[in-house]
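Every chain is named by a letter (A, B, C, D, E and F) in the order it is written, and numbering of its residues begins at 1.
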Amino acid sequence: MYIRSEVDGYVGILTLCHTEKRNALSRALVGELLEAMDAMAAARVRVLILTAGVGSKVWSAGHDIHELPLGEDPLLYSDPLEQLLRGVRHFPAPVIAMVSGSVWGGATDLVLSCDIAIGDDTCSFALTPVNLGLPYNTAGTLNFMRRLPLNIAKEMLFTARSVSPHEAEEWHILNHRVDASELRAFTLDIAHGIASKAPLAVAALKEQFRMLADSAPLQPGIFERIQELRHRVFKSRDYVEGIDAFKEKRAPVFRGE
Amino acid sequence: MYIRSEVDGYVGILTLCHTEKRNALSRALVGELLEAMDAMAAARVRVLILTAGVGSKVWSAGHDIHELPLGEDPLLYSDPLEQLLRGVRHFPAPVIAMVSGSVWGGATDLVLSCDIAIGDDTCSFALTPVNLGLPYNTAGTLNFMRRLPLNIAKEMLFTARSVSPHEAEEWHILNHRVDASELRAFTLDIAHGIASKAPLAVAALKEQFRMLADSAPLQPGIFERIQELRHRVFKSRDYVEGIDAFKEKRAPVFRGE
Amino acid sequence: MYIRSEVDGYVGILTLCHTEKRNALSRALVGELLEAMDAMAAARVRVLILTAGVGSKVWSAGHDIHELPLGEDPLLYSDPLEQLLRGVRHFPAPVIAMVSGSVWGGATDLVLSCDIAIGDDTCSFALTPVNLGLPYNTAGTLNFMRRLPLNIAKEMLFTARSVSPHEAEEWHILNHRVDASELRAFTLDIAHGIASKAPLAVAALKEQFRMLADSAPLQPGIFERIQELRHRVFKSRDYVEGIDAFKEKRAPVFRGE
Amino acid sequence: MYIRSEVDGYVGILTLCHTEKRNALSRALVGELLEAMDAMAAARVRVLILTAGVGSKVWSAGHDIHELPLGEDPLLYSDPLEQLLRGVRHFPAPVIAMVSGSVWGGATDLVLSCDIAIGDDTCSFALTPVNLGLPYNTAGTLNFMRRLPLNIAKEMLFTARSVSPHEAEEWHILNHRVDASELRAFTLDIAHGIASKAPLAVAALKEQFRMLADSAPLQPGIFERIQELRHRVFKSRDYVEGIDAFKEKRAPVFRGE
Amino acid sequence: MYIRSEVDGYVGILTLCHTEKRNALSRALVGELLEAMDAMAAARVRVLILTAGVGSKVWSAGHDIHELPLGEDPLLYSDPLEQLLRGVRHFPAPVIAMVSGSVWGGATDLVLSCDIAIGDDTCSFALTPVNLGLPYNTAGTLNFMRRLPLNIAKEMLFTARSVSPHEAEEWHILNHRVDASELRAFTLDIAHGIASKAPLAVAALKEQFRMLADSAPLQPGIFERIQELRHRVFKSRDYVEGIDAFKEKRAPVFRGE
Amino acid sequence: MYIRSEVDGYVGILTLCHTEKRNALSRALVGELLEAMDAMAAARVRVLILTAGVGSKVWSAGHDIHELPLGEDPLLYSDPLEQLLRGVRHFPAPVIAMVSGSVWGGATDLVLSCDIAIGDDTCSFALTPVNLGLPYNTAGTLNFMRRLPLNIAKEMLFTARSVSPHEAEEWHILNHRVDASELRAFTLDIAHGIASKAPLAVAALKEQFRMLADSAPLQPGIFERIQELRHRVFKSRDYVEGIDAFKEKRAPVFRGE
């Protein structure tokens, strides 16, 4: 069992608890999480909190690298992480990310897909595809453009470096940064506040935000060029090198090929 | 008379002064305000300041709840507030919101529709449709998405809580936060600065910003789903409860129906 | 020679050094800069730094006013500055603006077109077309809307005032503000960090960002109205007055005609 | 039972047979039809033929006028006809309309939503909302624009007149016009031809066509103006008059109010 | 007086009668026509017929070549023909073009902007900007793409040849081609048919068609490249040659410069 | 040598003459054709005719099936046919397809990408991906939607059947159908007509048409779903079966897997 589930009044809380794998978003964990979310939706919670618990060292390590295919598009529409991101955005009530500890790769995409994010002074965020040579997809890139100042999104993706809690607040990754000792109470307070409001109006607003934010029309030619670019990346030797180096716990040597 | 009108060189100043109704944006007040704006445009002012005066306790309480229809779409294209928001955006010169005191509901939409906003340490901002169970419309939701970081817009709308002057500055609601004692001088200084610049170029820039910001193409199917969602909200029992509770000055009890 | 060129590992550095003309983006300087960028691309640098050197008083003064045509659209697609902005955005690796000193007019558009911007405590930024009565174009206005909070973009353009380093950081013009003594080391550190990552993945991300950011579909009618508005501005007497006043080093007197 | 269901190899045939109500698209008939379509999809037919049988006098009379609400939007997203049109377009295999007899109102929208249409010399088509004063919706108007030459779509909607089989062929309503005696054999021949092709490729093409055809991005402001216009129509006295006249089988007298 | 005005019940008829200038769409004629249209709108006609009378040799010769500016964009948003085209499309009731005789250049754009077109066996249509070397604008090109099969629009514009009544019918320029002796009666019959329908519903449909047809979002970069292309054409020697040759009634000699 | 090249005044003629391979659009033939087109552009022809000669039995057989990859996307942006289609659309003067004989698969996409198409009574057109189980791409599907009535595009793609010259004319595949004996003279006559017009204006119009026609903005989510759908098709057993059956000259047996 990778997920712990609680309900407090109209507020649901799902806690990632697969600590030995640093909550990597594996097919198994995502499957369980989506089921737990379905149960929460069925129970008609009015707010959902997604967390790894106060004091966790790693909120989530992102993609399970061992599940990434080589020589194939690693981020198809049906990929588990993609399903999870859509699951959060389509969840029929607000989802709040409550964050202690470090957040890596696809997990940062997950936090940025939650409606609201609240962190403590131990949290940090990194977007890491360039560590592996993995071609990030359009859905993710658009998510970063919607959620972050454009130059910040680029810095995070081009450097893969870890962003501090202070930066996370300045750059609007976090709505609020609070002391670890207050994180749970502060988050629950916001959640219960939302839960006391008119639920149909809240849900209609969330759905409007989602539909409007998804409306970023692209030229067909652009998409086909992006697909070609990404194809070249996931067929490259550097992608193999990136995955190998990760598994062998050494620094990769990239050649741009 | 709900509006006081002054001209200082090329700068017009319109002051909301219907304090006993807390400057609620009633049909009557909006009508008078739109007329005053027409007069300002005819006088070819180069900047317009919109204010409730330094030291006001309430800048504006937003919609006049007593005018909201039940069981009908409360925010049609022809609604007075919608007309006012378009009036501000189409005004042929920059409009600066100068804010002391609290700003509620549709009035926050109004401040966010002004080109520039300057506030003092008494100002606060809330977006309150979920207090009533009122389905906010696409025009407003898009305005919040254009003007606020996405997670902040969601927090404000889902919680309806009042945002402090400090937060208002961090989240780009305000261009500047200054001491109440300097608010008028600081704002006039910026206004006179703009008035000394090439007016046709300023007006063409404002109009470009407006036209470009209005360009957020949506799929037809999306709009019809939004309309259906909103329809369900304004036909709900919770909407009646929200309006009733407001009139009876008690907390509403929402059931999600 | 207006440009100095260095390579440090995979990092290219181009330094504007036409100080007597305050690095105005004249046809000649832009031509040389584009050639130097082509050479950098051919050398397959993985990051490009664009700078006027640490300690410069003026990073760049923007358009060479003496080259602006009168009575014609001054910002056609083939204008040198427009070519430079496209050159930076299409450069096949990240471009970092490293900024000491003041940045004016079109040069601010250039910094905002770089992928990342890092400045010291002497830097400042102004957008100055309303000083001249020059009608800024859609490409630029969209760039400001993508890179700045909307109300900030308007304030900068309507007032033409100089923005301080602190504001530049708050408003996401700068990714980082550091002490002048550390500017070069800090910037190189970020650049070398990027250069150690998978270059195809970095380049594909940059190109995705560019293509997605360029996707801001407009109604045809809107464009034709903008073109008409701009036409009226570049045919106006105020535009002639603006250019004359600049050349005569006096304050312009605008009449809105 | 309003629907007769047959399967011939990989080809499904659904026949509307509620002749006493002229196959009006009532809530009941649509419900049954959608169920029959689900069964066909479950049986993995590769083509679906939708017909009222060869020799029928009326293929379908369109909306059941008795079910249209007064003073409310009669064509919300959840309206049965709207559900049926989406059902046809989302059906996982091509749908062929095989038409004898007259087709009215919403039923013409249905034929135009099928992938292919084949008729005999008795068929005719009319689009009749202006007979009632009913405000047609955006989804339908866009469907007519996609399927008909623009001037033809307007003539059909503005005049509500019946279009002959010859015109229906010239104007691309019909793919083919054949003799009544050959209608069934000709249609089955095309259907079996499709059924012999690669089904996944056919289904992916249909889905591509649907997704691409649904992509007609509109400005948000446009939607809200359309909704206001339609609101005025369904609240008008003429709409009441249109419905009354229809029920009383007399010509309506419209006043434009 | 260039326009004759009649009203027949709810049907207005405007007849171009400046035969000595072959109804060229000069500033004067367009001004008078727009005024007559305003009067018709004020009289609340339910259909408007635009004609040059049955039996006219030239329906309209299009732009008045003598009014075209040299070295400037000849088709700005405020150009009289552009105003007329918008006037027809915004007219609050359907506009029917009733056509005898030849239609040239901008006048073909006008007929294609009417909602319905009916012609007799003497009518013909040509799109002639390439005879002059005049750069047609985006609004017109989009209109041709909406109203004509794409390959036909290209043939008409690239060859400038006159299209026969038979072709005009096949290619959906005309809704109907009828004998000259029946043209007026046939057209009036359709007009009176429309006038008997619910006027608010008809007007809302026309406005929906207009708004939806105007929604053809383009990338900003595309616009600026089009404007550059057109700029090169209206600054070319060939444009001067085209206008000269026309005035001197000789064939132009174009050099592609 | 697969291509024969002629110049007649300002008109270029390129003739496919690889008859033993039925002018299949192999990598080799496309490479030669693109080179010949570059030479024609350099020679500044004002019109280009693309033909297989009058009296050819097969104009072109489309893709060279032997070059299609298995288990990979067969229609990437860099595919030779895709390059050719873009080459025709970007050619700086009108391209006329002059057609005798049958046109298959990708070659029909090519004819539909030419600006104008003229055929004789021997021509026929088929779109054949469903014979192979090959997932057609978005660029092609959009081209068919732009060039054909929607129901006709679907029939052609779902049935893969051969369309007769009469149908090709009715459905606007052909601009003109003429007798084989007149095909060359008729086509040259149109070509020389175009060549006598202002070339810059013609080229600017073609480029406008291309840019406007390419502007069909799609939601990002749509693209990713299309890519997933196509992925499933090119990974399917049916695709292998389709290619095998073709090579073994037998009818394929598809299972929908």
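Simple rule for what comes next: contacts are C-beta pairs under 8 Å (C-beta built on N, C-alpha and C of every residue); 3 or more make two chains touch, one makes a residue touch a chain.
Since we're looking at a predicted model, the values are computed, not measured.
Asks: What is the touch distance from subunit C to subunit F, in steps?
Replies: 1
Asks: With chain centres set to the mean of the C-alpha atoms, which chain is at the far end from subunit D?
Replies: Relative to subunit D, the chain with the farthest C-alpha centre is C.
Asks: If you line up contacts by residue number, which pair in A-F, B-C or C-F shares over half of them with A-C? Let me know.
Replies: Overlap exceeds half of the contact pairs only for B-C.
Asks: Compare the CA centroid of subunit A with every other chain's and tell me the farthest one.
Replies: E
Asks: Averaging only over C-alpha atoms, locate the centres of subunit D and subunit F and give their separation in whole Å.
Replies: So the centroids are 33 Å from each other.
Asks: If you average the CA atoms of subunit C and of subunit D, how many Å lie between those two points?
Replies: Subunit C and subunit D have C-alpha centres separated by 54 Å.
Asks: Taking each residue of subunit B in turn, which ones touch at least two of the other chains?
Replies: 138, 142, 214-219, 225
Asks: Mind listing each pair of touching chains for me?
Replies: Taking the chains two at a time, the touching pairs are A-B, A-C, A-D, A-F, B-C, B-D, B-E, C-E, C-F, D-E, D-F, E-F.
Asks: Subunit F touches which residues of subunit C in the complex?
Replies: Going by the criterion above, the answer is residues 215, 217.
Asks: Of all residues in subunit E, which touch subunit F in the complex?
Replies: 129-136, 138, 141-142, 145, 149-155, 157-161, 171, 216-219, 222, 225-226, 229-230, 232-233, 236, 238-239, 242, 251-252, 254, 256-257
Asks: Any idea which subunit D residues touch subunit B in the complex?
Replies: These residues of subunit D touch subunit B: 73, 76-78, 137-139, 142, 214-221, 223-225, 227-228, 231.
Asks: Which residues of subunit C touch subunit A in the complex?
Replies: Spelled out, the residues of subunit C in touch with subunit A are 44, 46, 94, 115-117, 146-147, 172, 175, 190, 193-194, 196-202, 204-209, 211-213, 215, 217.
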